[in-house]
Amino acid sequence: MRKKRSVKVILFLCLVSLIIAACSGKDSADKGKAAGDALLSGSWDQALAEAKGQTVNWYMWGGSDAINEFVDRKYGSVLKDKYGITLHRVPLSDTAEAVNKVLNEKQAGKNKDGSVDLIWINGENFATLKQADALFGPFATKLPNAKYVDYSNPAVGKDFGLDTEGYESVWGSAQFQFVYDSERMKPSELPHNYKELKSWAEKHPGRFTYNAPPDFTGTRFVKQLFYELSGGHQKWSKPFVQQEFDAEATKVWDYLNEVKPSLWRKGETYPKTIAELAALFNNNEVDFAFTQDIGGIATDIGKGKLPKTARPYVFDTGTIGDYHYVAIPYNAAHKAAAMVVANLILDPKLQFEKADPAKGWGDGIGIDPSKLEGANKKLYNELKAKSGETAVQADVLLKHKLPDLPAAYTPALEEGWKNLVLFQK
Amino acid sequence: MLTRLSEPFLQVTDLTYQYAPAKSFSLGKQSFTLEKGKLLVILGPSGSGKSTLLQLIAGLLRPNEGEIIMGGKPIHHLPPEKRNLSMIFQKTYLLPFLTVGANVEIGLKLKGMPSHKRRVRSEEILNQVGLTGFYQRPLSSLSGGQEQRVALARSLVIEPQLLLLDEPFSQLDPLLRRQMGSWISDIKRMWEIPMIMVTHDREEALALGDQFLILRDGAEQQSGTLDNIYYEPANRWTADFMGIDNVLDGIKKGTRVTTFLGDLKVHPHCIRVPDGPVRIVLRSEWLQLDFTSSIKATIEGCSFRGEYTEVKANVNGESVVIKQLGLSNYERGMETGVRLATSNVWCLPKEVM
Amino acid sequence: MFYSKSKPIRLMILSGMLVPSLLFVAGTFFAGIFISGVQSLDYFPLIGKTTLSFRVYIELFHSAIFYRSLFFSLGISLAATFISALIAVILALWLRRYVRHGRWLHFLLQFNLPVPHVVGAIAILLLFGQSGLISRLTYWAGMIQQPSQFPVLVTDQNGIGIVLEYVWKEVPFIAVSVLSILKSWVVPYEKQLQLLGANAWQRWKLVTFPFMLPSLLSSSIIVFAYTFGSFEVPYVLGSISKPTLPILAYQAYLNPNLTYRSEAMAINIVITIISMFLVIFYMKWGEGYAEKRR
Amino acid sequence: MRRNGVNHGKSYAFLHAIMISLFFLPFIPLLAWSFAQQWRFPDLVPTVSERAWLYVFSTHSQVKDAIFNSLGLAAVTSLLSQVVAYPAARALGLYVKRWNKTIRLLLIAPILIPGISIAIGVHVLFLHSGLSDQWLGVLLSHLIPAIPYSIYLLYGFYAGYDIGYEKQFRLLGAGRLQTFRLVELPLLRSVLSLSILFSFLISWSQYLFTVFIGGGNLITLPMLLFSTLSSGDYSLMGALCMVFVLPALIIVIFSSIGVKKDLFEEKEASRVDPIV
């Protein structure tokens, strides 16, 4: 049988398909934008009507089962029952994945029917998307529940120094806290700034570590160090300048490299996630863990992830706290439903449930308590009264709260840490 | 089916087949006819194209040219399953996951015969091949010969118009082989099925065949009846292939030929061979040792072959092979004589050798 | 299959049988590699880069981290393949004695063949971690007082945890393929040799080993290729300061900064080229022997 | 070879002990964690809770959807890959002589090329052709390793296949389809089921392709497992792992009792696994 010709034909066909595949799919249509504009100018009822029956793909960091459960169970059922919206939570290990996805779609010219409807976001991820013109909005102030939010407060209205301009809607707040075990340590022994932390670590070799940037809290741990060593947060609220940054960052790298031999595993490796750090703490391998939950660590204690005697506290030099938001990509397929979700999660009752460690996960509220009235006000006061020894007092937290660095510093710190600390022998 | 007697049952005309150009082998124009109840043996060494020819008839290969007419109808364009013939291969190709009965009746099943009728027919045919009561048996319980008989039953039960056999017994031991041969003869007689068998085994071929076709490198060397191929080899190669041990030089003149065995009479069919140097082909069984003979010979060696003794003798400086029935033991160097046990000899022109 | 068809038609049918799979593999796999290749050469029309350059490769080949990852990956694969092969051969030689009553043993041997690698990795993590089950057992045995005294076996600098997982998973794979040869081919040859007066070592050297070599080789190549390119296992069990090559590619690809994209693609191409060599080795040695044997 | 050695019993038991501990041991912590409420360092036994399992089976969790997605994808992948692989394997094993090895090299290459390289390249390709984030795209991406794998397995069968069976049956009056159904398929059965099972497993345990091409829209079990991994919920991780190995377990049990011929015993043994 003569195979030679058939083989040639086959190879030729393959080549053709290869070329077609490589060249195809650059069609771009901008019809999506028009629909989005109508949504922004229309009434809320119209948005509700449009949202009915839609499915919202909410991309969010999936590293906490308490959050996952709250979102699925609480928001999911309210959305389904009240608005006829199906909530589809997409778990991510890093929000950058979702950012990447939207940018990829934009590159590929997929300007409508994008796969991401809503992203849990803040900081440099928001900055990246906003600067790439890949966000839908301004929609935040269009939401009925925006009346509870004080966007004039710079801490809310600015995200890592970047004006949100209504392109993201607030969801909650968080502040970095250290966690120790009151059974292992007396409060008097605790370090209260990075200087003390270093000498504590050197006295207790192998008992301290931090989760590696770019994990969110890990980066934040390095940022706070950066503040302390460079003389405070005030001088960094301006745009990023490489030379100025490098001059001060060196101190950070030196500090971290000096403390390295005293760290867990001699700093050869670090926990990848905040959860891994918590597990080390729980197994008595290290003496400190971190948390971001303003409402306290009762949720994690209840789940057995932290010992019952674990307590949170903050450094005297302060810790970084901020708001976190949700944003809608410019090409989202279900913008109306995404807006309904963004509005729903601002509902005071749900905000309080989320902040309650017993019902939610102790996340700080995103709304402004002074804007509350009547029953909501009462609920807020009840919530405030609840926090026990597993949480830091709200006024203490507020007193020690530091703003986050402008977004451009984050990749610089993360890259620097990777190259000058992690890979440094 | 009624066919006019003058027309043969199977008529193959100018069949050719060419393998992919890379392979040089091709089957040249082949033509033959076959009557009902006869068995045609296609003989040839491996690579001679005999299997190709059989597969062309079966429909497993599509001929480049030529036609096959069976029962008055052309069949060369039909797929194998529409040709109404059956074939038995070297391997039995019985399906290991079916019982004996299921294997036998599979052809009937394919034709859509209801299962109780199938069973009756299969049991009947199993009886005929001597496997009564094997219907329910698993295939693994059979011996080699039994498997071959099941395969035979499976081919016969569909009542084919033509049975093709592709070296069917070459995997069996000699005793079983002979037994299977007699089965085939019986079936041919009882069922009157025309058969075509391919083999490279001369003994088997001669025992079973009515008609013969000898192939070499895709070309026909000789065809004809048993007498033709036994007594009258068409050329030196056929002579060798048919196991003729003695090929002697001779000078032909008219109806006589002169050799070192003496002056011999030429077979009547060989008169046409031009006078001059020729070759004489002489079967070893036509020579006998005889002390009284005038042709003197010296024994060079002998070996016993089970039923006969093959003796090598030197006659006038030339070696000849002689077959003696039974066991005989001759000393090397013994002086004796040779006698020719035939009245005439077959000779071939020298240039065809 | 198509006996009654003429040659051109048969050729068409044959092409029809092969074209879908070839087209599929070409249209997805080879097209994907093609695009990786193009992007690794800094070709991004969408952000205005339309000239090809080897910039990324030059940078890559000057990066210490790249080399460290490359050699780390190769080292892990080599160690995993070698240890697995060694244990597998010993296990197979041992197991062949029990061919008769080997049903249950076979079940055991096959048990983790279809278990996904991620599960294996997590299991190793929970077993060999410093606060894992084995560490706890040694604590109760009084050998250690706290987790940090237990040897570092996972997320370690030398990839011990990763190798452990691979060995656990691949030993049965190699053993099963070697065993099938040992059971079917070797015995008569060994007996023959024994009759010729060969002792156990000579029998191993002259018959057993050469016979199992092809299947050992082909399964080892498969193991090497898999362990070299696996992402999940080092992701779970690797130290973040010692990324393997696939992890490096993954991190670079996920970086929102597009300049890292071409780096990811370049690493990708390096991985592909190394693996392509393995494919060729496989076709040459692994399969060649198998066919000869048949 | 000491077939009848005296100390068989002892070494046999020893072998058993070693193999059991080697291959089963790692599953113990997984199973134990799945029932753990809290399990801090020195404790050998966890405080028991069925929370993780309740979550797995609760209607709110994504686990159920993930199982269905994974099952559906794996089932369609394994069937489609047989459909594409069967003719190619048959053509390569029986008919195509010229260029045979080269074609096989091209077709089998995706098995040995790491998933990460393929996934990244194919992701970009699918982004351009609009296949990413689509069910179809994910399916196609799962087929990339599955089809070559099936070709590889089935080719092994056809390379040693005696086509005489088919010839014989055509001559007994069977058409092409009948021959396929009555002869080829039964002979192919054990290899085919192996190919179906393993392409199923390839899809079932696929993470990178699903995450890249599906972009998270299509949640499968491996994706849940990875996101649970970063959340540090070991109990849920243990439970998900147990769910995840279930098909593997069923297959092994099925293979050791159901099928007459041992799935792994023959030549195919060298053709299973490591992609999974």
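A, B, C and D label the chains in the order they appear, each numbered from 1.
Going forward, a contact is a pair of C-beta atoms (placed from the backbone, for glycine too) under 8 Å apart; a residue touches a chain by one contact, two chains touch by 3 or more.
In UniProt terms the chains read A = ABC transporter substrate-binding protein; C, D = ABC transporter permease subunit.
Given the structure is predicted, the values throughout are model-derived calculations rather than measurements.
Chemist: Within the chain touch network, how many edges lie on the shortest path between subunit A and subunit C?
Modeler: When the steps are counted carefully, the minimum from subunit A to subunit C is 1.
Chemist: Chain with the smallest distance from its CA centroid to the overall CA centroid?
Modeler: Of all chains shown, the one whose C-alpha centre lies nearest the global C-alpha mean is D.
Chemist: Can you tell me which chain lies farthest from subunit D, using the average of the Cα atoms as each chain's centre?
Modeler: Of all chains, B has its centre farthest from that of subunit D.
Chemist: If you average the CA atoms of subunit A and of subunit D, how far apart do the two points sit, in angstrom?
Modeler: Distance between chain centres: 36 Å.
Chemist: With centres defined as the mean C-alpha position, give me the subunit B-subunit C separation in Å.
Modeler: Whole-Å distance between the two chain centres: 57.
Chemist: How many angstrom between the C-alpha centroids of subunit D and subunit C?
Modeler: Comparing mean C-alpha positions, subunit D is 16 Å from subunit C.
Chemist: Taking each chain's centre as the mean of its CA atoms, how far is subunit B from subunit D in angstrom?
Modeler: 54
Chemist: Which positions in subunit B are in touch with at least two other chains?
Modeler: Residue numbers touching two or more other chains: 59-60, 79-80.
Chemist: Please output the residue numbers of subunit A that touch at least 2 other chains, ranges allowed.
Modeler: 1-3, 10, 21-22, 97, 107-108, 272, 279, 283-285
Chemist: At least two other chains touched by the same residue of subunit C: list those residues.
Modeler: Where subunit C meets two or more other chains at a single residue, that happens at 3, 7, 14, 18, 22, 26, 30-31, 34-35, 131, 146-147.
Chemist: For a test of understanding, state which residues of subunit A touch subunit C in their complex under the given definition.
Modeler: 1-3, 5-6, 9-11, 13-15, 17-18, 21-22, 94, 96-97, 99-100, 103, 107-108, 125, 128, 206, 212, 264-265, 268-270, 272, 279-280, 283-285, 411, 422-423
Chemist: Quick one: in the complex, what on subunit A touches subunit D?
Modeler: Touching subunit D from subunit A are residues 1, 3-4, 7, 10, 21-22, 24-26, 57, 59, 62-65, 68-69, 72-73, 76-77, 88-93, 97-98, 101, 104-105, 107-108, 110, 115-116, 272-276, 278-279, 282-285, 303-305, 307.
Chemist: For a test of understanding, state which residues of subunit B touch subunit D in their complex under the given definition.
Modeler: Going through subunit B, the ones touching subunit D are 22, 58-60, 79-81, 83-87, 89, 91, 93, 95, 97, 106-107, 110-111, 154-155, 158, 164.
Chemist: Under the definition above, what is the set of subunit D residues touching subunit B in their complex?
Modeler: 98, 162, 164-165, 167-175, 178, 182-183, 186-187
Chemist: For subunit C, which residues count as touching subunit A in their complex?
Modeler: 7, 10-11, 14-15, 18-19, 22-23, 26-27, 30-31, 34-35, 38, 46-47, 65, 130-131, 146-148, 152, 155-157, 239-242, 254-258
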